[in-house]
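Listed below are the structures to be examined.
Next come two complexes built around chain A: one with chain B, the other with chain C.
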Partner chain A sequence: MRERLLQFHGRRGWVVLAVAAAVLIVLVPLLNSLPRSFPLSVPDYLIPLLGKFLCYGIMAIAMDLVWGYTGILSLGHALFFALGGYGMGMYLMRRMAGEGVYRSNLPDFMVFLDWKQLPWYWHGFQHFGFAVAMLLLVPGLLALVFGWFAFRSRIKGVYLSIVTQALTFAAMLLFFQNATGFGGNNGLTDFKHLLGRSLQSPSTKLALYIASAVALVLTYLLCRFVVTSKLGRVLTAIRDAELKTRFCGYESTHYKVFVWTLSAMLCALAGALYVPQVGIINPSEMQPSNSIELAIWVAVGGRGTLVGPLLGALLLNGAKSYLTAAFPSAWLYVLGGIFVLVTLFLPRGVLGLLTAARKRKAASPDRPVEAERPAPAERGAAPEKATVST
Partner chain B sequence: MRFAPAPTASRRFATALSALAALVFLTGGGAGRPAFADTLDDAINGLASSSGEKISASVKQLATLDDPRAIPALDALCDDRLRAGADGRAWIFDSHTHDLKDPLTGAPAPAGARPAKEVELDNDIRRDAQPVLAQLQLASPDKAVRLAAAEELSKAGSDDAAVMLHKAYDKEKDRGVHDALALAVARLDIQSKDAAARLAAVQLLHKSGNDAMLGELQRLLSVGADGQPQEPDAQVRAEAKEALNAVMSRRRMITAVGSVIYGVSLASVLLFAALGLAITFGLLGVINMAHGEMLMLGAYATYAVQTFFQNHLAGAFQYYLVAAVPVAFLVTFAVGVVLERLVIRHLYNRPLETLLATWGISLILIQTVRLIFGAQNVAVANPDWLAGGVELAHGLVLPYNRIGVVVFVVAVSAAVWVLLYRTRLGLNVRAITQNRNMAACVGIPTKRLDAWMFGLGSGIAGLGGVALSQLGNVGPELGQSYIIDSFMVVVLGGVGRLAGAIVSALGLGVINKLIEPAAGAVMGKIVVLGFIILFIQRRPQGLFAIKGRSEA
Partner chain C sequence: MSAQPVPETDSGATTSPIASEASERTLNGDLIETVADGPRVQVASQVVALWVENLTVSFDGFKALNDVTLLLDRGELRCIIGPNGAGKTTLMDCITGKTRPDSGSVYLESRLHNLTELSECEIAQLGIGRKFQRPTVFPQHTVYENCELALAGSRGVFHSLFSRLSKKDKERIDQVLETIGLADLKGRMAGLLSHGHKQWLEIGMLLALDPKVLLIDEPVAGMTQPEMERTAELMQRLAGERTVVVVEHDMEFVRSIARKVTVLHEGRILSEGPMAEIQRDPRVIEVYLGT
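Let's turn to the complex of A and B:
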C-alpha cells in the first residue's frame, strides 16, 4: 500500500499536493471570511469566478488523460461538459417548479412554447440523486457508444478530431432547436436554489466553490491513480506506438474506450459544478471553439503531466478574464498567438519549460528526474503519420 | 399597377364593361377606322374638361379608338394626376418633380399651360374609366402591362370580363402572357354556371399545371354539407381530379428541382473550400483550420475591390468582379505561402499540433479583419449581369448568381485538374503525395512545392470567397460556418483525391438541401453529419481511397 502511494507521487509530491489542496479547500474560504479591510481577503465576487476556473481545471485534467496520455485529441469534450451542465440545469429547473415567471409547474420556456406536458426525458430530474446519476451516466454512455464505434474502426489522429468536432457541432445544432426540449437558444437559466439553499447567497456560492475544489482534488487523485497504474502505462504505450502495443497482446480499443469514457464523465462532473456557479447553460457551451480552447489549456500547461493542464487552465482563464475586460480587441490576438507559439516553441508546455530549467540546474546524472518522461510531442505523432498518406 | 377597382364596385364595373363591350362591338372596335392622331388628341384633352359629361364621352371615345397610346392619360385620370392646363389641354402632373407633361409625347408643358387645375372627377366616371384602361392595357405593346391587366380583370370576376379576356387570349402571341391569360380565363370560367365552360377551364388548368388555382380544384372535388359533391357534373369532377394530380405532381417536381439547384450551388461553395483542403491535406497532411478564413479573406478582397471601383472607377463598376478574381486569388495565395513558411513548415508530421496552430492563426485573421473592416457584415453587390434570374417554370427561378457560381467552380476545378494531371508541376506534386522521400530522392524540390501548394490551396479558397460574396453578406466569421462542412467533404471523399472531393461535395450539398424541406434545415444538417460519422466507421479511407503501399 505504502509502496503504491509512493509510486503515486514522491514524498515531496504528496506534500505539495497536500499544501495545494489545503490552500484551495481551506485557505481560500478562510480568506473569504476575513473582513474586506484585510489586505489578503478574497472578495465575494471572486469566489464563483475561482469556482469556475476549478471546473475548467477538472476538464483540463480529463482532457489530458485522453490527449496527453493516450494521444487522442478530442475536439468534442465541450459536448460532455455541456451535457453534464444540462443535467444539473434540468434538476435546478425542476426544483424551482411553480416559482418561475409563469408560476407554472413546467419550466418557463415550456410554458412559453405552450407545452402542456413535461417531455419524458425530464421525468425524475427533480430528485437530486437521480439527476446526478443521469448527468454522469448519459454523457458516459454517449462516450462509450461513440468511442466503441470510433476506436473499433481504428479512427485516429486528425480523423478522430474532426469526427468528434462534427459530433459536437451536430449536438449544438440539435440543442439550439426549441423542439429538442432544452430551452433552445436561451438554454436553461434563472435558477433559484440548489438543495434548498438560495443560489444567490454568498454561503451557497462558497459551498459550491469548496465542492469544486474537492472535486478537483479527487479528480486529480483518480487520474493520477489511473496514469501510474499498469493501465496507465498501456495507455502511454498506445500513444507512442499503438500497433506495437496491439502486437504485445493488449486490445488497444478497450483501453481507449475506457479512458475516453472516464474522461467524458469527468467533464460532465465539471459541467455540473459549473452551471450553478455561472447560473446558465446554453448550447453555445458546445461550440467548436470551446473544445479547441480546452486543448490549448492542456498544451500550454504541458501534456502528459496532469498538473500542467490544470495550471494551463487557470493561467489562460485568468488571462482571459483580465484581458477581455482590459483589452477586448487584443484577447483574440493573444489567444491566437498562444496557439501558434506554444505549438511551435513549447511542445511540452510551461511545465516542460520549468522542469527543463530545473534539470539544467541540477544536472546530476544519477538522480532520477521526473522530466525523463518521453515528450508526447515527438512520440505522439508517430502512429498518426500512417493515417495520412504520405 | 395602379388600376384597382374597389371590391364593392365590381358589379357595377361589370355592367359598365358589358356596355363598353357592346359599344366596342357596335362601332367595329375602332380597328377598321383609321385612328387619327387629332381624334386621339381631342379625346385626351376632353378628359381634362370641366364638365363630367364631356369627360364620360371622351372616355367612351377612347374605348372606341382602342389606342394604347391613351394609357398614360387614362391612368393619370384614374389616379388624380391629370390636370387641365390654362391652354385648355390635358397634362399629366408629376407629383415628385411637380412638372407637367404631355400625355402623348411625355414632353414638358410650355409656360402657357400653367396654372393648371385638377380635373374634377366623380366616382361614376372613375368606374367607367377603369375598365377602359384595362381594355387598352390588354392591347398594350408592353408585356408587363398586359399581364397586369389580365390579372386585374380576372380578379374582377364577371362573365363580361371573361368575354374580353377570351378575346385577348385568342389574339395573344407571347407565350408568357398567353399562359397568364389562360389562367385568368380559367379562374373566371371555373365559377361559371355552364358545365362546358367549367370543363374547359379545368382542362386549361390541367394543361398549364399552374398551382395558383389549387384551392379551386380542391373545392370542386370536395363534398358539401349536404353530402353532395360541390361539382354536380361528373365529367368535370373526373377532369378536375386529373388536373389536381397533374398540378400536385408538377409542384413536387418544382420543389425537387429547386432543392437540387440550391444543393448544387451550396455544393459549389463547399467544393471551393474542399478543393483547397484536398490539396493541403492530401499533399502536406496538414489540417488547416484557418482554411475557412481564406474563404473569408477572398470575400473581403472582393469587397475591397468593389469599394475601390465605386470610389475610383465608377464607370467600369459592372466589371469589378473580373478584377476581384485575380486580386482575391493573389491575396489568399500570398497569405497561404507566408503561413506555410512561418508556421506550418515547422509542424509537418505533427498533425494534431498543426490543427491547434492553424486554429490560432484563424483567430488572428478573424480579429484582424474585424479591426480593419469592422465587426458588422458588409454587403457585396451583384453586378447587373449577375442580378436576376431565368424563370424555368412558374414558381421556379434560377438566379444568375447561382448559375455563375456553378460555372465558376466548374472552371476552377477544371483548371486545378489540368494543373495537377497535365503539367510537370502537377506530376511532381502527385509524386510527393504518394511518396515524399522518394520524390525528394529523384530531385523534386519538395520544400518549395509544399509552400506553393499551400498557397494554391488557400488561393482556391480565396476564389471560393469571391463566389460566396455573390451569394450573401460577408462577415468576419464567414469561414467558420464552412470549415466543418468542408472537412466533412474531404474526409468523405478520401484524402488527396480531386474526384472524391467533387463527388462528395456535390453529394453532401444536394442531400443537405433535399432533406431540408422534409426535416428542416437543422435536422438536415444533423442527419448528414450523423450519416458521415457512420460512413467513416465503415470506410475510414473515404469514398475514393488512394491505392498505394503507404497506407497503414
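Let's turn to the complex of A and C:
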C-alpha cells in the first residue's frame, strides 16, 4: 500500500500536494472568514469565481487523461461538462417548483411554452441522489457508446477530433431547440436553493467552493492512481505505438473506451459543481470554442502530467478573468499568442519548463527503476518527447 | 474437417527428409483427430506448432499470397526468404491477424482456433509473438516497463488497473533482461536506446510474452557485424523451446542460423528444405540467390 502510494509521488510530491490541498480546502475558506479590512482576506465575490476555476481544473485533468496520456485529442469534452451541468440544473429547477415567476409546479420556461406537464425525462430529478446518479451516468453512457463505435472503427487522430467536435455541435443545436425540453437558448437559470440552502447565501457559496476543492483533490488522486497503474502504462503505450500494443495482446479499444468514459464522467462532475456556482446552464457551454479552450489549457500546462493541465486551467482562467475586465478586447489575442508561443517553444508546457529546470540541477539520467521510479512529471520530460500524439 | 494440408510438393521439399517427415505427421494428426484418442491427440499437437492452409490474399486483383500451405514443427527454426514482393510480410500479417486472407486458414497447435477469424490481440494472447521489421518499442517507457507490458498474463482493463508485479513476474523480467543483455539499461527510456539495443529489447519483449510461435521480420537489418552474430546466437537459443520463424534478406545471416528454409516467390512457395539443398535448387538460384 505504502509502496503504491509512493508511486503516485515521491515524498516531496506528497508534501506539495498536501500543502496545495490544505490551501484550497482550509486556508481559502479561513481567509474568507476574516473581516474585509484584513489585508489577505478573500472577499465573498471571489469564492464562486475560484470555485469555477477549480471546476475547470477538474475538467483539465480529465482531458489530460485522454489527450496527454492516451493521445486522443477530444474537441467535445464541453459536451460532457454541459450534460453534467444540465443534470444539476434540472435538479435545481425541480426543487424550486412553485417558487418561479409563474408560481407553477413546472419550470418557468415550460409554463412560458404553455406545456401542461413535465416531459418524462424530467421525472425523478427532484431527488438529489437520482439527479447526481443521472448526471454522471448519462454522460458516461453517451461516452461509452460513442467511444465504443469510434474506437472500434479505429477512428483516431484529427478525424476523431473532428467527430467529437461535430457531436458536440449537433448536441448544441439540439439543446437550442425549445422542443428539446431544456429551456432552449436561455437554458436553465434563476436557481433558488440546493439541498434546502439558499444559493444566494455566502455560506452556501463557500460550501460549494469547498465541495469543488475536495472534488478536485479526489479527481487528481483518482487520475494519479489510474496513470501510475499498469493500465496507465498501457494507455501511454497505446498513445505511442497502438499497433504494437495490440500485438502485445492488449485490446486497445477496451482501454480507450474505459479512459474515455472515465474522463467524460469527471467532466460531468465538474459541470455539476460549476452550474450552482455560476447560476446558469445554457447550450453556449457546448460551443466549439469551449472545447478548444480546454485543449489550450492542457497544452499550455503540459500534457501527460496531470498537474500541468490543472495549472494551465487555473493560470489561463485567472488571466482571462483579469484581462477581460481590464482590457476586454485584448484577451483573445493574448490567449492565441500564449498558445502559439507555448506550442513553438514549450512543447511540454509550463510544467515541462519547471521540471526541466529542476532536472538540470539534479542531473542523474540513469536512475534504477522500481524503487526509484522517476515521477511521471519528470518522465514526461524525456528529451525526445516532442513527437507526442494527436 | 478441412482438407488435409500437404506441403507443396516441389523438388526441394520432396527430396528433403524433414519435409516428408512433416507430412507423415500431418497424416497422423488428422487420423488421430478422427479417432479422438486422448493421449495421441496430445502427441500430435506436440509436433505441429503452426499450420497454414491454402492461404490466398489478393490486393486489388494482385495475388500477394497464392494458395500457400506451410507447416511448422514445434521448436523449429525456420527461415523464410524470397525477393521483394514475394509475400513474406503478407504471410506474417495473415498469421498475426493484421490482414484478413481471402481464403485459407491458419491454426495454432490444436486446431481449435482458426487464427484468421481472430483479432490481433486475441492471436497474441494465444501465443503468437511478432517482431516488426522496424524496431518497435514503447519509446516513453523504460526498458523495464517495456518488458513488464509484454509480460504474459491477463490483458483485461480492470485487471491492469489493480495488478501489481508479483515476485515471479519480477524474476521473469530480470531473466529476460539478462537474456537480451540489457539488464544494465533497464531504467533507460526505450526511445533513447541505439538501434541494435531496440531490436534486442523487442525480442526480449517477445520472450516476456512467452509465445509458442515467434515471427521475426528482418532482425538484423541495419545491424553491425558483432550485433548480427549476437542476434544469430539469440535466435538459435530461442528455437527449441519455441517455434521461430525468421524472415530475412541477409543471406549470410540466414546461412548462419538456418536449419530449414522456405523460399517464397510471387506469392507461392517455390522451394522448401535444408539450406544446402535450397542453395543447389536451380529455380531458387534463378529467382533469388543467383542475382
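Following the convention adopted for this analysis, the second predicted complex is superposed on the first by the 363 of 390 C-alpha atoms of A that agree within 3 Å, B and C clash if a C-alpha of one lies under 4 Å from a C-alpha of the other, contacts with A are read in each partner's own complex, and residues count from 1 in each chain.
Note that in this section a contact is a pair of C-beta atoms (placed from the backbone, for glycine too) under 8 Å apart; a residue touches a chain by one contact, two chains touch by 3 or more.
Computed from a prediction, not measured in an experiment: that's the story for all the values here.
In the superposed model, A:Asn178 lies in contact with neither chain B nor chain C. In the superposition on chain A, no contact is made by A:Ser104 with either chain B or chain C.
After superposition on the shared chain, chain A has more residues touched by B, the comparison being chain B against chain C. Contacts of A:Val340 after superposition: chain B is touched, whereas chain C is not reached.
When the shared chain is aligned, chain B comes close enough to touch A:Phe169, but chain C does not. In the superposition on chain A, A:Ile292 makes contact with chain B only, while chain C stays out of contact range.
Once the two complexes are laid over each other on the shared chain, residue contacts for A:Phe247 go to chain C alone; chain B is not touched.
After overlaying the two complexes on the shared chain, residue contacts for A:Thr324 are found with neither chain B nor chain C. When both complexes are aligned on chain A by C-alpha atoms, chain A residues 243, 384-385, 388 touch chain B in the first and chain C in the second. Listing the residues of chain B that touch chain A in their complex gives 281-282, 285, 287, 289, 343, 346-347, 349-357, 359-364, 366-367, 370-371, 433-436, 480, 484, 487-488, 491, 495-496, 522-523, 525-526, 529-530, 532-533, 536-538, 540, 546, 548, 550-552.
Every residue of chain A that touches chain C in the complex is listed here, in rising order: 4, 226, 229-231, 233-234, 236-237, 239-241, 243-252, 254-255, 258, 366-370, 379, 382-385, 388.
Touching chain A in their complex are the following residues of chain C: 96, 98, 119-121, 124-125, 129-130, 132, 136-142, 144-145, 148-150, 155-157, 160-164, 185-189, 191-192, 205, 209. Listing the residues of chain A that touch chain B in their complex gives 73, 149-150, 153-155, 157-159, 161-163, 165-167, 169-170, 173-174, 176-177, 243, 288, 292, 295-296, 299, 329, 332-333, 335-340, 342-344, 347, 377, 380-381, 384-390.
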